[in-house]
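Letters A, B, C, D and E mark the chains in the order given here, with residues in each chain numbered from 1 onward.
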């Protein structure tokens, strides 16, 4: 009975949303704000990747909020699982096999480089702090899978994420002091498409990358360190 | 200090929040002081902006990108009032016994709540809304008892489902209008959102936001969460966070969806919320759940009041919301003191005269006894509903009044138990000084406001007049005096530069 | 191009159904990663390479890893039949799925 | 029979994901599956949002070389979705952590069981006998 | 500073003193002086009843754009003088031995004194209302202060007080609805604006106003079917509090009705408001409700075995007479109805005090456990006797005058059915007050009461004073009728011009001086015959018999037990539990709904609600 009603409701919702499509300008959106960004985004921010321009410049505070959400989630996970950490004497997962260990060691530098590349070129090509940060986190987390007894130093992670967040806010405050506007673009725009261009955007993305990387690495290692349930 | 500095009110608590866990590893006290300092600074910034605006309005283009493209913060009386309430209430309800992580989450919650009050961009509001949500999940789950974690998980799933709906609503609005800015939407709404699609978008957004705003029936988390966590956190969530979610709904209703159908949807759900909340509270057998359900009922009244179009509804809604903001957290603190099953509290209030007196005061005000502020709030609500004169509005008024009877019945039944002569209670709970002080402060403000009814009323009217002034909003945000000077580089190609800023908006944007 | 899109969308929707219907949770997690991968392909098709990258990295990669880790900690790890319906299921609520 | 345009197909896919996710949220019992369903629903919402900026025959909003080679899709929704994806994963991680904790505390990973235990727990915390039990057949009425 | 300010100040001072020193029994005398001061200030405003200009208060507020102002008029003054008198009498009663005993038994004397002082204060505020808003503010204050007074005794009273509270808030909400409706219709809270707008209002709007106001204020008056709270709430209040409440508290409902329905909407409006499909108009509907209120509670009183409950039930019934008189609306009836307010206050206070005096000495108000106290407490007996004669509406007491006016008007107006109802009510009253008198004072003295003595003078004085007022205003109702005439003039009723002894009408008036004279002469003759006959023989109180058996202390038989058993057997089933079913049904319905409401959060997963309501909202959006 309950499933029936639920299906009915879900079907109804789907029906209404599909009917909605008839009245929506799909494929030819009005793009009022979008046109504006397309027209002036590159000039205003110096970023070739207009998505990055939007993420970091036009909607920089959204990104700050998003970082905070990730931060809050990581802090929440820490709070929830903090007491459930594995006791030192508890049985850990077995060490990974040779392939995993070798792969982790080999991949580590590769992943770090790729991650940094993605972060640094965020204003030019697809990718940026978030994607790069995830890759960086993977770089640091993979070895842990192989050697479960090792653990990341949560104090270091805490400082990295705290300072990276502080740098992001700090750049915003710097702008507030220098230009009177929080998170306004600073420094020269440079040449469109060059690595050192787009003012503070790459700096912001580096902060984002570090913060995301640190948070996700911390998050995963907290999960990894959690004692298995049901024991 | 310019109006642009208002971004500090969001940024500083976030900054402190980011640093708090790391700092807390070496010194918990330092983290605590950092948080207090950030909140105090946030309050100071907001206060100075309030003083500087002196009843006017202003818009702040965050990052200097002019509003239809960038994100704008809109500052009027209503926004600043609630924004200012955030750091103050957060300081009062600071988790003293918490860990640095809890401090961080509280700070993040405060920053997000401030953002909710100020932001004038629907997606930015969504981000702040989610931030509020995630921070409150963390805070709820941080509580020791296992029931808190279960409640937090259920809350999270419900809230996340609501967020998906909210996101879908935003997608529909964006697809229709091509913009996210509330002011820009306000200019576009008359031609682009005045149809069933617009209404559907509003319904999606209302229900998404309603999860936090304790809107019936998407408030199943309320009794579970409020009876699992400490009185301080419950007070913070019930008092502050729910109001800010309501504020967002009201902004959307006034600016983007000024249709009678939209208001009616709010009215109907609010009315049902009153009925269900108050009745469930009548039946509740323990103090915390009684207050939790009562909170649902009160939020129902807030929704019903805000559903009245025009300044009358805003005045009534603000009055009810502020009154609830004052009383319910304090009641949760008192519930913390006594707690537990109502029948087990026989005589527990005897000998604790301050706490009992405060309880009586809040109960009287909630029921609406003149001359306490609760009465005026209720009177304004009923009057504005009757003035509106439609069938649903009258029904809403009747329900508000009938709920008052139920509310009086259960509140004073509880009070009768608390003050019963025969004592069946075990030893009363340990004395919690700070909690009682906070509750006393709320009581003092409540009583004090009786003597300032006239200025308060005038102030509310001024706020409401500002809040319903859609033209003023649009003028302030999209160009006109008070708007922050946009960044030179962000001018549109071919723009004249300086001067009239409306000219910067490309023709197709300004349409 | 059109048919590729239709195919990808179909894979996406079917995997989404599989997420709900597969009895084995590990398989369901895998299906959810497939959803994310298909979604990132769709994002490429709608000219959103940034989003596609993020979805691939975060949706398919990161959240898959987190889910698998969580399953492992829950003791539901594995492809075998150690994923039977839980014996401690609460009886008497009458609203079991 | 003419085929529906591409964006309608995509829109239908997005709505399907949304509905499947929400239906899963309502109907699933297993907590992990609820989290998975939430992820599916969020994916649907994200796709919906990206579609709001999609237009036929446009290119990605990245300036390569000197001049854009034709119209570009709207970059704003893409930025929004970037944000939404990261939010989603944060929420998901938190949810999973809570599932782990709840499993440890209550020994169950089933929603209805969890709810029943939670209600019992709340009653117990408040010092109440379970509703409808012999000790408390009902509440005394005030009038 | 006007006299009204002075009255408020005096009353507030009384409350302050009560709050500060009320715990000490010695403070009682000071409080009595302060109540005397209040009475004096009210008396100084006596010019109001002779057509003087209204006395305004010098305080006024503007809140949220609405003005709040107060003033005393003839109507206010009439009720205020009764309030002040009742408060004075009650306070005097508390001030001495009773208060000491109350405190000694563990009662919270300070709370009682405070509540007793707050009640008149709230009433003075209410009585000075000038528009709906100030009326509502005062109304709530009165409701809550009487709630406090009911609570002050603790014990069973708390339960009844809570029930009262629910009813009172319900009534207040009806008033609030009426007020908001009036504001929506006229754009102001003023009664004048409402009166001016009446011609434009639709019958539906008028009916809504009439019903809301009548129901809202009717709750306080204990009109059927909203009367179930009153008897218990008043009876379980500590004695002097019950005397005060029974005397005047529920009359505030009549005051408010006079102000809003009869003064605001206007009697003419009520008389023109026709009930569809019936020959009745609105004022007749009110009259019929009043008639049922006269009859049913009176017969319920007949069944009571607790003296306080019996009196409290009568209080409800007597309220019916007042409304009946006012609703009939002609000069005689309205004068009778309003004068009955005064009369009822005097004898009801005296009766409650007499019963409280009995409780003070014997420890019980149970009519099955009392009897034969006439020789032990002769003065209390006298007060009770005078009181019940007034309550029954028999000459020579003041109750007769007001009831005569009402009967007379009913005959004049051609309302035989209402007349019969009034007579039945009076019959029930006579029968039941006889039970009161008999079961307490007559018949066989119980063994445990042999050592009972008369109560001290601190309690007797106010009782005797009230009894004297009952008699004197019965002998010479002219002054009170003068006050009433001023009220009639103010509210636009036809005015009754009284004489000292009553009314002088060409078709047969009433002159109480003659009536009393003839009665006393008759009693004199009777007394002469009795004394001259010399057949009386005094025996000991325990020296009596029943059913042919001599009764001694060992025989546990007492014929006042279950008094009127036969009568009850005949008629009891006619009105058993009248309207109790309504209250039970409402409570059960609320409880049922509340279970459903709680089920909303228990039976269904929250996300299901989210999904369901989204679909419904989208559906509705189409």
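We take it that a residue touches a chain if its C-beta (ideal position, glycine included) is under 8 Å from a C-beta of that chain, and two chains touch if they have at least 3 such contacts.
Please read these numbers as outputs of a predicted model, since none were measured by experiment.
Using the contact threshold fixed earlier, the set of chains in contact with both subunit A and subunit E is B, D.
Sorting all chain pairs by how many C-beta pairs they have in contact places A-B at the top. Of all the chains shown, the one with its CA centroid nearest the global CA centroid is B.
Subunit B and subunit E have centres, each the mean of its CA atoms, that are 47 Å apart.
Subunit A and subunit C have CA centres that are 20 Å apart. Rounded to whole angstrom, the centroid-to-centroid distance between subunit A and subunit B, based on C-alpha atoms, equals 29 Å. Counting partner chains per residue, subunit D has residues 6, 12, 16, 18, 20-23, 25-27, 35, 46, 51-54, 60-62, 72, 74, 76-78, 80, 82-83, 85-87, 89-91, 93-94, 96-101, 103, 107, 111, 115, 117, 142-143 touching two or more of them. In subunit C, the positions touching at least two other chains are 48-51, 54, 58, 62, 66, 70, 73-74, 95, 97. In subunit E, the residues that touch at least two other chains are 162, 166, 591, 605, 607-608, 611-612, 614, 618, 622. Chain pairs that touch, as defined above: A-B, A-C, A-D, A-E, B-D, B-E, C-D, D-E. By the touch criterion given at the top, residues 61-65, 136-137, 140-141, 144, 154-155, 158-159, 162, 165-166, 169-170, 173-174, 176-177, 180-181, 183-184, 590-591, 593-598, 600-601, 604-607, 609-614, 617-618, 620-622 of subunit E touch subunit B in their complex. Per the touch definition, subunit B reaches subunit A in the complex via residues 2, 4-5, 7-8, 10-11, 14-15, 17-23, 25, 60-65, 68-71, 99, 101-102, 104-105, 108, 111-112, 115, 123-124, 127-128, 130-131, 134-135, 137-138, 141-142, 149, 168, 172, 174-181, 184, 188, 192, 195-197, 200, 484, 487, 489-493, 505-506, 508-509, 511.
Those residues of subunit B that touch subunit D in the complex are listed here as 123, 127, 130, 133-134, 137-138, 141, 145-147, 149-154, 156-157, 160-161, 164, 167-168, 170-171, 174-175, 178, 180, 223-224, 227-228, 282-283, 285-289, 339-341, 344, 409-410, 413.
Within the complex, the subunit D residues that touch subunit A are 5-8, 11-12, 15-16, 18-20, 22-23, 26-27, 51-56, 60-64, 72, 74-80, 82-83, 85-87, 89-91, 93-94, 96-98, 100-101, 103-104, 107.
Listing the residues of subunit A that touch subunit D in their complex gives 2-3, 6-7, 9-11, 13-14, 17-18, 21, 24, 26-29, 31, 33-34, 37-38, 41-42, 48-51, 53-55, 58-59, 62-63, 65-66, 69-70, 72-74, 76-77, 80-81, 84, 125-126, 128, 130, 192-193, 212, 219, 222-223, 226, 229-230.
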